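What follows are several structures.
Each of the next two complexes has subunit A plus one other chain: subunit B in the first, subunit C in the second.
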Partner chain A sequence: MKDLARRVIFSLTTFVALAAVSFLGVDALPGDGCTALLGRFGSPAKVEACRAENQLNNPVLVRLRDWSYDLARGDLGYSIKRDEQVLKIILPRLRNTAIMGAVAALLAFPSAIAVGLMLGRYPRSRIGRAINQLSVIAMTLPEFVIATMLWLLLSIWIPLFPGVNVVPSNATVLQLLPNVWLPALTLAAVIFAHAMRTMRASVAIIQTMPFVESARLRGTKERVTIARHILPAALPPVVNVIAVDGAWLLTGTFVTEAVFNYQGLGRLAIDAISDRDTALILPIVLFGLAVYLAASLSADMCVRLLDPRLRTAGQ
Partner chain B sequence: MAIITDVRRIRKTTLAFVAVASIAGALASCGRTPTVSGVLRVGNDAGFGGAETMDPYDGNRTWPTINMVFDRLVGVDKNFSPVAELALSWSSNEDLTEWTLQLREGVKFHDGSVFDADDVVYSIERMIDPEFDSPIRAVLGVISSAETVSPYQVKLTLATGEADLPLLLADYRALMTPVDSQATIGKNPIGTGPFKMQTFDPAGTTVLLANEGYFFGSPKLQRIEIITFADSQSASQALAGDQVDLLLSIDGKSAQMFGDKSKFTLQTIPSGDWNAIDFRVDQVPFGDARVRKALRIAADRQIIADTVLGAGGGVVACDTPVWSADPYRWNGLCPQDTEGAKALLAEAGYPDGIDIEIFTSDVEVHMIELVTAYKDQVKDAGIRVTIKMADASGFWDDVWMKEPAFVDSWGQRPATQVLNEVYRSTATWNPTGQVDETLDQMLDEARATKDQAERKAKYTKIQERLFENSAIFLPYHKTLTRAMGSKVKGIEPIVIDAVRWEKISVK
Partner chain C sequence: MNSSLRLRSGQLPVVVFGTLGLHALVALLAPYLPLLPTDAQNSAALLQPPSAAYWLGTDSLGRDVFSRVLHGGRPSLVIAFAATGISAVSGIFIGALAALAGGWIDEALSRVVDFMLALPTLILLLLISSFFGQDPVILSLALGFMYAAPIARVARSTTQALLARDFVRVARLQGGSRLSILTGEILPNVWRVVFTEVTMQFTWILLAFSSLSFLGLGASPPTPEWGLMIAESRSYMTLNPLLVIAPILMLATLVLAIQGLVDRE
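Entry: the complex of A and B
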């Protein structure tokens, strides 16, 4: 438990430090909310008036202090450019990305573990090696290639799904659902390969271990050997991959969302960056940070629960 | 940003690669959200990322939606000549400083109120208000006051004679809004135009309904949906999949996606949009007119246009900002003259050529390709170019008008506007800092000349002078490619300013 508390404190400290660095980094970028709003032909006088109105003229450390204070109270700030509270802009997009990520995770992870287990048990089989090679291709192809191919296949040739999303960010889940499949399949293709390959390698090693051998020699049923002995021992590396890929599903979907015009956090981030909407960029960066820290923390905890050696090591 | 642009670029190649396959596949496809008769779905880019407003005088006005909801006083026809819209006729005094406009009677705003001279005066006053500082002030700032003569007659007084005031009034933003609408117009626009606003959602889907009883005739469409795309490639995918009907401008290079004539109509339209490389005259060596001319004649403009825009993607310009369909266009010749450029450089004291730095950025498409193509074109004349990449996010603030040489990009403007807005010595956005009092005087004389032929002669002289003396290398005007489903009828292959939205139909 002490160890866990130490991990949590470490994660929180990392978050606070990186948040401050992010603030200063984004602040150092050329342009601010006012130049973003007024654009190429904004006169210096108008930009100055806008800065004064939004307290952008304060020294950077004063603004960092005000911003941290607001953040601590749950106020993410205000987008001058979009004339809207940042939270109100982000929430519906976060929901959309989460739905898409959940669908992708459900499509990819259970099947990846099942297929990995199967292939890992027969690592020398020809079919197994062929599938493994194919998944290397899926891993190395850029997402926009996978996305474009899926679009061509499942929207143009076989018109199953809408090619690109045309419903707004605040559409109901029911309106959104038909549009989720193509981006979710794209993401699933990428993460399936990661998780499946890790599982396959892990199972291949574990099943030759003495404790598996001895279970088999004791005459334990194969089904029980897999469930009790192989799976718990083979899963920890996969859990780590799932944690990292799961975090990626929430924070790394820029390209996929752009290709399918999907109204999620990734597309918002691209828009915010190209519009120089710094007030909006920062919370998205912080969100990504928090997701990765939380994912790595929970992966550690899961592995601890799965692996009896780690469970007792701290005591 | 750089990563995103790279990704877009690679995607473009991928899309081109699969285009041939997609045409074959599209034949077998029946589409997911098929065309509905009477509804036009327009794909639009997210121009101002959520800052869009329906206030036509605001810098973040959302186009083309404003032109469906509001009308101008004066429109343009396909030859870019002024035609009646809300004003039926116009006339001026002898020195072109006072204009009287006769307004159309019986026109109603979408809320049922009557359009009259008070609305015109209110609209014009907002456009020229120095405090509000609308971008359209750069066009109509020449108007010093507007007053009501009678309920359907307005008098405009100008600071200086301007023969082409009707053309300036045909600017796509010079739209008529009702009295006292400033506070509400951004989100709840009330216009006189062919379509009324139902839902305004610039980041998602904006819905417009037909304005039955529109004075040019009821629209043939029941509804227009304007759907926003973050990425131009996904907009192209939407057209390919029959999810939108019309894309006002596509990258010429993705045109091959829409080669199937039974399903798509492509239109190529010469426009007045241009790119340029600007040289600050207050920096050595660009203060020397001989160096400037050498920099401009050393390049083959046709090759630059073909390289940057694709074959047929542009119309060559000899450093004139006046575009090909403008009645005042000077069609001089400006072939590449490497020897002439060398001689001019030698005469200016650079017998061994010069080294220059040109700043560019991926802030707009074509900007990097332009400098790359230019560098290649001028090296034989002894002009050695170093390309400096600037970050897109600071380009307009820190590079444009500030570095010694940089790329530039402007939208279409009538001759009198672009010359006065960009080239006049005192213009706010004169990017090169060039002061040429003779040019200023010629501009004053040209705009104050009442006779059309005489005026054209004067504008021709001005453009010839630019080719001798200007610090702006302007190699081409862009040709736009418009793409639509073949069920869309009534859009002529003309500039969008001249398209009549009420005449469009979808079968």
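Entry: the complex of A and C
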């Protein structure tokens, strides 16, 4: 427990430090909310008036302090460019990305574990090697290529799913659902390859270990050997991959969302970067950091539950 | 990232070698081949199917797709070579320096490397490109320094392992100067280990720039670049699928051939 508390405190301090660095980094970019609003050709007087109105002329450390206070109270700030509270802009987009990510995770992770387990038990089989090589292709090709190929295949040649998304960001889940499949399939292809390869390698090593051998020699049924002995021992590395890729599903989907014009957080990030809306960029970056820290923390805890040796190691 | 990766031993598969050779030839010779200019628009021949005049048809502005596809790898390749060079040289320098110096220098450099490994690469690139302009020099520098961190990490651990090896200690006992041991014994061996990582990075950087172009923040129109071509032609996929299939095939064969150099098992 003490160990866990230390881990949580470490994550929190890392977040605070990175948040401050991000604020200063975004602040150092040439341009702020006012230049974003008024454009490159806004007159200097107008930009100055806008800055004065939004307290952008305060020294940077004062603004960092005010911003931290607001953040601690749950106020993510205000986008001058979009004339809207940042939270109100982000929440519907976050919901859309989360739905897409959940579909991708459900498509990819359970099947990756099952296929990895199957292939790992016969690591030298030809089919296993072929599937493994094929998954290298999915890991190597960039998302925009996979996405465009899926679009061509499943939307144009075999018209199963709609291609370009025309649904607004605040559409209901039912309106959104038909548009989720293609981007979710793209993401699933990438994460399936990661998780499956890790599972395959892990199972291949674990099943040659003495404790598996001894279970078999004791006459334990093969089904039980897999469920009770191989699976719990083989899962920890996969849990880490699932945590990292799960975090990526929430924060790293810029390209896929851009391809299908899916109105999620990634699409919003690209828009915010393109119109240099710093007030909106910063919370999105922070959200990404928070998700990554939380994911690695929860992966640690899951691995602890799976591996009894680690539970006592810290004491 | 994965230390179990190493360069394929023995003979390289003919397919890998042939594909890489073809790509190198095309990328080097494209400007000298008798092709139509990549930016020559023909308003009388928009979105044409393949013909004798236009081998892969034309795009929405009536430009020759064949010529553009053959030229389309050059911008990313130039950036990938420049950035990989920067990341390899600075990564090995930082890693070897940290291992050799030890103490607080090692500690400080390792913390910097950890920090850089945690940076969200794509969003940082998008920011740099958006705020500082789509300048190939700036982008190469940014990519080079971002990707130096994993190399520095590998170079540091390799150097540390080498320092304890007998042949390095013998060279030291024989009275070799620090510099001669570094250049003669350590760097060649570090390079052999780091080379695989560098090969992988080359493809990641290539793809990062292509993705950036696809998002409209890498190569700027009318430059022929595969990622940008795919982005520009997506709306016309139904009329001439070759518009996206051709650059996808080029990009895929190049990247997979480079990955084919690396043995994964």
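In this section, the second predicted complex is superposed on the first by the 315 of 315 C-alpha atoms of A that agree within 3 Å, B and C clash if a C-alpha of one lies under 4 Å from a C-alpha of the other, contacts with A are read in each partner's own complex, and residues count from 1 in each chain.
To be clear about the criterion, contacts are C-beta pairs under 8 Å (C-beta built on N, C-alpha and C of every residue); 3 or more make two chains touch, one makes a residue touch a chain.
As the structure is a prediction and not an experimental result, all values here were calculated from the model.
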Fit or clash - subunit C, subunit B, common subunit A | clash
Counting touched residues of subunit A, say whether subunit B or subunit C comes out ahead.
-> B
If you stack the two complexes on chain A, which partner ends up touching A:P110: first (subunit B), second (subunit C), both, or neither?
-> neither
Pick one for A:G252: touches subunit B only (first), subunit C only (second), both, or neither.
-> second
Pick one for A:P142: touches subunit B only (first), subunit C only (second), both, or neither.
-> both
Give one of first, second, both or neither to describe whether A:V285 is in contact with subunit B, with subunit C, with both, or with none.
-> second
Which partner does A:F161 contact after superposing on A: first (subunit B), second (subunit C), both, neither?
-> first
Intersected contact list for subunit A, partners subunit B and subunit C 29-31, 142, 144-145, 148-149, 151-152, 156, 254-255, 258-259, 270, 273-274, 276
The subunit A residues in contact with subunit B across the complex are 29-31, 35-43, 45-46, 79, 81-84, 89, 142, 144-145, 148-149, 151-152, 155-157, 159, 161-164, 166-171, 254-255, 258-261, 263, 267, 270-277
Subunit C partner, complex, touching residues on subunit A are 18, 26, 29-31, 132, 136-137, 140-145, 148-149, 151-152, 156, 251-252, 254-255, 258-259, 269-270, 273-274, 276, 281, 284-285, 288
Subunit A touches which residues of subunit B in the complex?
-> 1, 4, 7, 10-11, 14-15, 18, 21-22, 25-26, 28-33, 41, 46, 48-51, 59-60, 133, 135, 138, 201, 203-205, 227, 229-231, 233-235, 237-238, 240-241, 243-244, 391-394, 396-398, 400, 428-429
Spell out the part of subunit C that touches subunit A in their complex, as residue ranges.
-> 118, 120, 122-123, 126-127, 130-132, 203, 207, 210-211, 214-217, 227, 230-231, 234, 237-238, 241, 244-245, 248, 251-252, 255-256, 259, 264-265
